[in-house]
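Two complexes, one shared chain (chain A), two partners (chain B, chain C).
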Partner chain A sequence: MTLYRNLSIRQKQIVWAWAFLALPVLFYSVIRFYPTGNAILISFQDWNLLGDRTWAGFDNYAKLMADPVFWKVFQNTFVYLLLGTPVSLVISFVIAYHLDKLRFMHGFLRMLYFLPFMTSAVAMAWVWRWFYQPVPIGLFNNFLASVGIPQVNFLNSTTNALPSILAPAVWAGLGFQIIIFMAGLRAIPKSYYEAAKIDGVSTWTVLWEITLPLLKPTIVFLVVFSSIGFLRIFDHVFNMTSQNPGGPLNSTKPLVLMIYQTAFNSFDMGYAAAQTVVLFLVLLVVSLLQLRLLRDR
Partner chain B sequence: MAIQGLKALAFGAATSAAALLASAANAVEIEYWQYFFDARVQAMEQLIENFQAANPDITVKMTHFPYADYRTKVAAAIPAGEGPDVVQLFYGWLNDYVAAELIQPLPADAFPAATIDAEFFPMVQAMKDGDAYWALPTAVRSLALFYNERLLEEAGVEPPTTLDEMVAAARAMTKVDGAGNITQVGITAGMTAQDHHWWREVLVRQFGGEPYVDDYKTVAYNSDAGVAALDFYVGMAEGDEPITSFGFMDEPQAAFKAGRAGMHIDGSFRIGSLNNTRGLKWGVTELPATNDGTRSNYSSYWVNAITTKAEGEKYDAAVKFMQYITSDEAMQVWLDVVGELPAKPSVGLTDANANDPVFGPFIKGLAYANTTKFANESGQRQLMVEMVERITLQGMSPAESLAIAAEAEQKLLDDYYASN
Partner chain C sequence: MAVVEEIRPTTDALLKSAPPRRPANLGQFLRWLLLFLGGIAMVMPIAFMISTSLKWPHEVYNLRLIPEEPHLENYTYVLEDGRFYWWFLNSLLIATITTISNVLFDSLVGYTLCKFRFPGRYIIFIAILSTLMIPTEMLVIPWYLMSQQFGWLDSYWGIMFPGLMTAFGTFLMKQFFETVPDDFIEAARIDGLNELQIWWTVAMPLVKPALAALAIFVFLGNWTAFIWPLIVTNSVEMYTLPVGLSSFGDEADVAWELIMTGAAISTIPTLVVFLIFQRFIIRGVVMAGLKG
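Presenting the complex of A and B:
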């Protein structure tokens, strides 16, 4: 007690800060840092979940490099990212930009856009899965067939399946991005627009010179946030292809699904952990890169 | 008065608690684990009730959870001294469970190997190691050909007995719309369902080949017979008059349930859900033979085993419970409730069961069934799925696609046996 009494006010504040921080620090150590460290350790071992763990060195990483499925999956993961992030950002910005100017039924429309974000991804994936079926049960193909257009193989195709799965995933995330964009738009001071109006500049110039530059923090946040989301895409893919997860022929399989299958179908924990470490590094590099590129200078 | 009442209540509560503790002291509680499948849980509840009535000093607590978590939870619980005393596992997992010391062999006095050899279907001998059995099934499953009676009647065909008849019947039941899109299939197809078993253990053998040699450690289907079997299988969805379509109505069993498929190959475990489908009139027959009468079938089973956690009086209770759930009576309950077939010919091949219009075809199939020894069932199935996809989606020739699948499966088997 005397020890505490002898501390300066500044030091006491630090002690209290750490006292309050202890709980979250402990919590994070146990549920975040310890499992993360353990996963990295397992990635250098062989373990089938039931038996002993045996040291394998870099075998799992060597296997990963030589596995053609891994490279296909790696590529798919980036296709999800590189298609999904720009497309969803552009669509949500366009909607937010126009919704912001609209007064009539504004709240109702905003709710409609936000609704998919609140819906369970699993339920949504299954509904879209049925939309995409061939005749006689698929909504889209039934429509095509009724107007005399040949059927489109949405999910049962190595080229169409990935975009078909990405579409509902983009749609589901729109609501959130629109809300964030609208908050960003509201935060831009009106005086800039008034000044622009007095000077008589065109709508395009206003958009390029005022709105977008001032939205930069919002855009940075959304790019990082949605990139992480697309790099970790799982539930849409798994539920839309649950008979043949990530199929056909691995054309829709993202890294997270491969990790899941390696761990819980093949029970090859070491190999799955090695894939997890790779995913972690990818997420880290992509996030750091985006923050650096989009940061204000 | 109120205080008196309160006192009486407290006294009553105390005595009944004491009574509960006293009875708990005499009783042994053992835990039984299985994965969740409605009919299996119901059947086990019924068995536990019967068992407890016969053994009032033993209580059995059943725990079940989704299939997806099953293996993980068992693996985590037993070493921690938590989990089950008696556990249900898939026959293909036995090696892993034995190697990890999760289960112990059944005692030879209660389960003499010679008696089991004589009484159970021979495929059960895969569970034997020397003179001891590691585990025993209550029930086994096999495949058969389900057919939609209405569609068969409408097309004027009989339930097929040979592959040629099957193709002809399927052709008669297939319907296409004006644009040539299939709106009703003659027979369902999809390696994701039970077809990979049908192709592997039945078609390959019927076309004169062997799917595997060397105790399922070496792939042997990459042969002329294998190519012929694959040609036949994929050919059903190709040509001018296809009789099926891969991925039709999302899932084969969904198409059959909806009455949009004439025939469907599936296991005996499907019976329960078909019975619950309103408006579906269905029948079932043995898997079609070749013209010279060659037949084959695929059978699989779940087994029960005593875990290493069970010791002392719990072990004795677990042995008693194992004896009951592998008894003739338990097998009949399992057949009636789940639709899975008794693991002993003496129960399965009774006249009543063998001539049963529903169970009969499955039970007859057991007589000539083969049991694939999987290293990783879902992984090996995936290779079959991709083998067909390379042909249907990428236009690869069946022979080439088959060779790729055989090589990949051999690698999978080699890796598995190298580490076990």
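Presenting the complex of A and C:
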């Protein structure tokens, strides 16, 4: 205690700072950094959890490059991204743009759009899975039947299944994107709009020349944020195709599901770790690319 | 909100000054109608989930939203089975403890990085920031091996440990502590409070809205978390609601109305909380989204 008292104010601060950080530093080292390194290490090993860990060099990566399932999965992952991000951003922007111009029951409407964001992905995956069932069970097909439109095969078709699974993921994320877009819209100074009004500029030009350019930081944030979400899609796919995860014929399987199956169904830890490294690189490259492209324009 | 009120009059003035007044109003009405119908469509999946959970088996597959004779038998059946009861308590416990841990530690670290000057500060800052780039999915294999080694598999601690602190929360809190004036902290030091007391009694009350936003995000995230609890739990009693619901739905011959009941049990609590604290939560989400 006397030792502490003799310290200068600055030195006391250092002692306090490290006392506060001791446990968190331990946490981040053991639960974040060590596992990251470990995942990379395991990706260079051959290990089925029971037997010995043997050094495999780049074998896992070579196997991945030669695996047709991986390329199918890789393609699916990007289809989720390339469909999900633009579709969800366009819908949420249109809704936010118009909702922002409304006053009557504004709060109520905003609540309706936001509500799905508060749901659990697993629960909603099961609800939508029920909707998609063939007659006489599924709601969508029952509805189609009642108005005389032919049945749609949602989840058992290699072409329809992926968009069908994507739909609830887009739906659940819209509320968040709408709220963020509206916050962005409100941050635009009204003087810009007044100036445009004096100049007699059309609504369309105002949208393209003022609103969208000034909304760029919001757009960049939402593009990166939702892209990461779609690249990591798992809960919806797993729960909507659980008799045959990622099916039919791997047509809906994303990278995270392949990782899960390789690690925890086949226990091929080295191979799964190599897939996680690929996922990490994909996320990194896509985020950096988006930031670069969107910021420069 | 103040900003909203400022923008409004301009929009209205703009509409009124337009020469043909009627089309403008008609346009506003159409806009409202379309957004209203869209909003109703948005909540339909939730409405059908709840409505089906109140239906008898014979009416599950018709398109009526309002059950002919609503009843709670499905809930009684599902809860009497016992498993959902357990899963609900597990999820509640895990989400609550993780939320408390994040609120305490993320704010403590955020505060320290914001208000203290000490050697190593920048490195710690960058190190924690860099963990935002690492996807959870990359860590689940090492976490699993670690849990296996230390006997954490199939335990509450095993489910919780990866989420006890988050870099996202730390940065959110750091941003908000920037708004706490250094003078307040200096004054408290002169009054003889120690640093722990200053953090807890002076700084923390000033960032309450941010703490609430963080708590909402962490709670919701852990309540709905799926992949890690799926990996780390084995026994049915240890499942969380999402894992339990997933396994329940996969059982042979489970009726859809019972699955909808299970889905409703795992969704209704967060919906109720949202409806009560609506304005507050939306503000929190915007804060967390824009600052975090």
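Everything that follows uses one rule, which is that the second predicted complex is superposed on the first by the 269 of 297 C-alpha atoms of A that agree within 3 Å, B and C clash if a C-alpha of one lies under 4 Å from a C-alpha of the other, contacts with A are read in each partner's own complex, and residues count from 1 in each chain.
In this section, a contact is a pair of C-beta atoms (placed from the backbone, for glycine too) under 8 Å apart; a residue touches a chain by one contact, two chains touch by 3 or more.
The model shown is predicted, which means the values in this text are computed figures rather than measured ones.
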(message) One more residue to check, A:I137. First (chain B), second (chain C), both or neither?
(response) both
(message) Just to be sure I read the superposition right, which of the two partners does A:G57 touch: chain B = first, chain C = second, or both, or neither?
(response) neither
(request) Check the residue A:Y113 against both partner chains and state whether it touches chain B (first), chain C (second), both, or neither. (result) second
(request) State whether A:N48 touches chain B only (first), chain C only (second), both chains, or neither. (result) first
(request) In the overlay, answer first, second, both or neither for which of chain B and chain C A:P68 touches. (result) neither
(message) With both structures fitted on chain A, tell me whether chain B or chain C touches more of chain A's residues.
(response) C
(message) Quick check for you: in the superposed arrangement, does A:G200 touch first (chain B), second (chain C), both or neither?
(response) neither
(message) Output check: A:W171 vs chain B and chain C. Expected answer is one of first, second, both, neither. What do you get?
(response) second
(message) By the touch definition at the top of the document, which applies to A:F267: first (chain B), second (chain C), both, or neither?
(response) first
(request) Would you please give the residues of chain A that touch chain B in one complex and also touch chain C in the other complex? (result) 129-130, 136-137, 243, 264
(request) Spell out the residues on chain A that touch chain B in their complex, using ranges where they run on. (result) 46, 48-51, 129-130, 133-137, 145, 148, 150-151, 155-158, 243-244, 247-249, 261, 264-267
(message) With touch defined as at the start, can you tell me which chain A residues reach chain C in the complex?
(response) 10, 12-14, 16-18, 20-21, 23-25, 27-28, 31-36, 38-39, 42, 95, 98-99, 101-105, 107-124, 126-131, 136-137, 139, 142-143, 146, 168, 171, 174-176, 179-180, 183, 186-187, 190, 193-194, 197, 221, 225, 228, 232, 234-235, 238-239, 242-243, 256, 259-260, 263-264, 269, 272-273, 276-277, 279-280, 283-284, 287
(message) If we count contacts the way the header does, which residues on chain C are in touch with chain A in the complex?
(response) 3-4, 6-8, 10-11, 14, 28, 31-32, 34-36, 38-40, 42-43, 45-46, 48-49, 52, 61-63, 105, 108-109, 111-112, 116-121, 124, 127-128, 131, 133-135, 137-146, 161-162, 164-165, 195-196, 199, 220, 223-224, 226-227, 231, 241-243, 245-246, 249-250, 256, 259-260, 262-264, 266-267, 270-271, 273-275, 278-279, 282, 285-286, 289-290
(message) With touch defined as at the start, can you tell me which chain B residues reach chain A in the complex?
(response) 68, 71-72, 75, 96-97, 99-100, 102, 177, 179, 181-184, 190, 192, 245-251, 260, 376, 378-379, 382, 385-386, 389-390, 393-394, 419
